């Protein structure tokens, strides 16, 4: 019995911190989302009113919210498959028995993940420069006209997608590599003896075996990409013409630029609900895929 | 005749394998270049003279490598202060959070207490909530505690993390129960068991978690940006973001700043990457 | 603000280029005021608004701060700023020496909350040679003359060349035209939008016609590769902008072209018109504990000779008429148009919500310019959006809050 009491002392510090500095603020945010907290209320809390679901309703009527949602969905729909393909490709290459100097390559491929996003965003801003940037220089060698990556509303989001994929693909690559290395050799041997080509081995051995891990990695990547914020904040400030305003960037501006905390909290919860719903759908698909095997 | 054909087939197979090896390694080189080139270019530009990088075609290497940008950063822009802040905050947050997370992770794995499993499930659910939801109320809470615009404001919220607890718990599950039981029968207190037996066994995951936390707090940008308003308290990422918005034209200076911000974490990672990678794979193999 | 021995430290936050430059002036101030040390912190403009509000929420505001004068109403509504009527009277700072419209931006509810530091407005930059070739020898002074001049220049210009550049995602030109009207932009003590008024609709119609009649291309600022070189090449013969472009054009255009451009005050509906009262003020925060020392800094920076030094270092225009009597500034031909325009500047509505309404103005103006909406529909939409934004203000006023 004393052991149970002592056990509480082990978890109490961590649970305290998490309750006070995470759970409590989240609950407060939920509460704030049904008020019209703004700078007037900041000056004098008597200027606060409870407005029920009005923030949510008004949000759904604001064009900028829908634009932010569209931008974020664009980022997720294009970025996630690209990122997963890059991670899987890199993992396959690294895991191949033909690869040499694997430790060196693995370090190089993973290096972008550990860097600070602010520093690499600064680097990429110069790489994407219209006149002196490397990307345009390389494109020029292929005969393509210089593109104003960060100033043209059509190309800003693709630039951000490219940057995000570059920064993150190493993370999933490591996980997928571990998954690949867990696939029993005998399965490949059996397939080779049945005369299966490399492509067929990939389709019928690798992919199904990786299925569960791919599903988890996919779910986590989607959830992560929905939370796009730092890249637009550092590189484009939501521009040009609001083409890189993501839902979280919109929330940040509402909350910290205009101090409409009621609205900002409502945005955050809408995003949470969206991620939650998408995750549930993905999990159902994953389970169905499992059962199908 | 059949011998010739077999020899021919073997040669063909070998040729195909050589071609495949070229393809695989060639692609790896290309991929590694794609990944590492921006970082190497960052280093190169940081050593260039001011204005040298704004040329067409863009230069790959400095004509005469110079440390002038770094001198300017540390002398004029006060980088030394920001570096010190980053080191202080990262180390303090890591050391303290290790204590909190390891204790809790072990307890969730090996100690029984009321509601253990229910609390654990709640924490798992909480992982889905995006951190930014809590930012504004957390800021107001810290203001009332007097922690805004201080080191405490950055460290205190980072003292415990659900992910850290999960990681430790996952690893601690593998500690043999009989070892602990034997120590208990011998009359050792839970604290003694923890210190003498558990912590040494957990050393690998402690190192992994330390690396994770160190990297995470060093690279953290959003929260210090919000909580710190005095320039003297800025960490490197915040200072760099601030400098980048003002000195849009000074490529070389900004790259030097980026190197100073990135190099320490890269070095830590290079030294301890085995642990980091292990931790990632461990975290993905969820129970 | 700390007190170490006998030295008072004044924390001064300044933005952008002004923040960089003012540090060079500080040693002279400290020499004259031995007991005071000034700690300048520079904020980039893109993060300044957010940092200031965060500092207010976190009780870590500085002593003195540079504030864009459209932000003053917001911080007054927060109760963050210290009224300066008393120190101004004690220092016998002559409010009449400042341009009236500029001084007015700092007066909220009858009290003064800031001292103008530098001014900014919008007026016409134009190619005198291209205008002369089209037969326009004098800068237009009224809307009618303006339209005639633009038509003449357009007729004379070739294909692919325009009489004027109006980036379709900037709202300042439209705002200036709207301020030239007699009707205010918000009515009933800023409880409602007044965009349905005849005056605003006239301004919007004039603005839209500039695009529709082909005088200005429909392009955002980002789509024009380099405004200055295009101006030099004659792709467009005029544009509406602020004082910083005098320096930019001086630097970027070749010497041969320097005599071919000039500035002129904005034409108004019936004669020389009003323009935007822009610029920054110096304010004191109410939470400061060193207000006396902080005020000394503000007073020192407001001296005409210091303002002139600041002008020479930044190119920003001084807010005091006495500073403008300086020989170099008075002789500057291009600055003369600004001197003239500054006598006719009007502030934007002095309510915190104006920034958000200006944001909506920007979006709606662009859509109207592109022909997506009619002028009347745009006016109605602006009124609807202003109605939503001003709802809280109406509620506060109804409850009896002070204006």
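We just call them A, B and C in the order they show up, numbering each chain from 1.
What we mean here is this: a contact is a pair of C-beta atoms (placed from the backbone, for glycine too) under 8 Å apart; a residue touches a chain by one contact, two chains touch by 3 or more.
Remember, it's a predicted structure, so these values are computed and weren't measured experimentally.
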item: Pair exhibiting more inter-chain C-beta contacts, B-C or A-C; value: A-C
item: Innermost chain, taking as reference the mean of every protein Cα atom displayed; value: A
item: Between chain B and chain A, distance of the C-alpha-averaged centres to the nearest whole Å; value: 16
item: Centroid distance [mean C-alpha coordinates] between chain C and chain B, Å; value: 45
item: Centre-of-Cα separation between chain C and chain A, whole angstrom; value: 40
item: Touching two or more other chains - residue numbers and ranges from chain C; value: 46, 54, 57
item: Multi-chain contact residues (two or more partners), chain B; value: 140, 226
item: Where chain A touches two or more other chains at once, by residue number; value: 256
item: Residues of chain B that touch chain A when the two form their complex; value: 17, 20-21, 24-25, 27-28, 31-32, 34-36, 38-39, 41-42, 45, 53-58, 99-101, 103-104, 106-108, 111-114, 116, 119, 123, 126, 128-130, 132-138, 140-141, 156-157, 159-162, 165, 184, 189-191, 194, 215, 218-219, 221-222, 226, 236-238, 240-241, 244, 251, 254-255, 257-259, 261-262, 265-266, 269-270, 273, 276-277, 280-281, 284-286
item: Interfacial residue positions of chain A with respect to chain C in the complex; value: 36, 38-40, 42-44, 47, 49, 58, 148, 151-153, 237, 239-241, 256-259
item: In the complex, chain A residues that touch chain B; value: 3-4, 6-8, 10-11, 13-18, 20-26, 28-29, 32, 89-90, 93-94, 96, 98-100, 104-112, 114-120, 122-127, 131-134, 137, 166, 170-171, 174-175, 178-179, 213, 216-217, 223, 226-227, 229-230, 234, 248, 251-252, 255-256, 261, 264-265, 268-269, 271-272, 275-276, 279
item: Sites on chain C touched by chain A in the complex; value: 46, 49-50, 53-54, 56-57, 74, 77-80, 169, 220, 222-223, 352, 356, 388, 392, 395-396
item: Residues of chain B that touch chain C when the two form their complex; value: 139-140, 143, 148-149, 226-227, 229-231, 242, 245-246
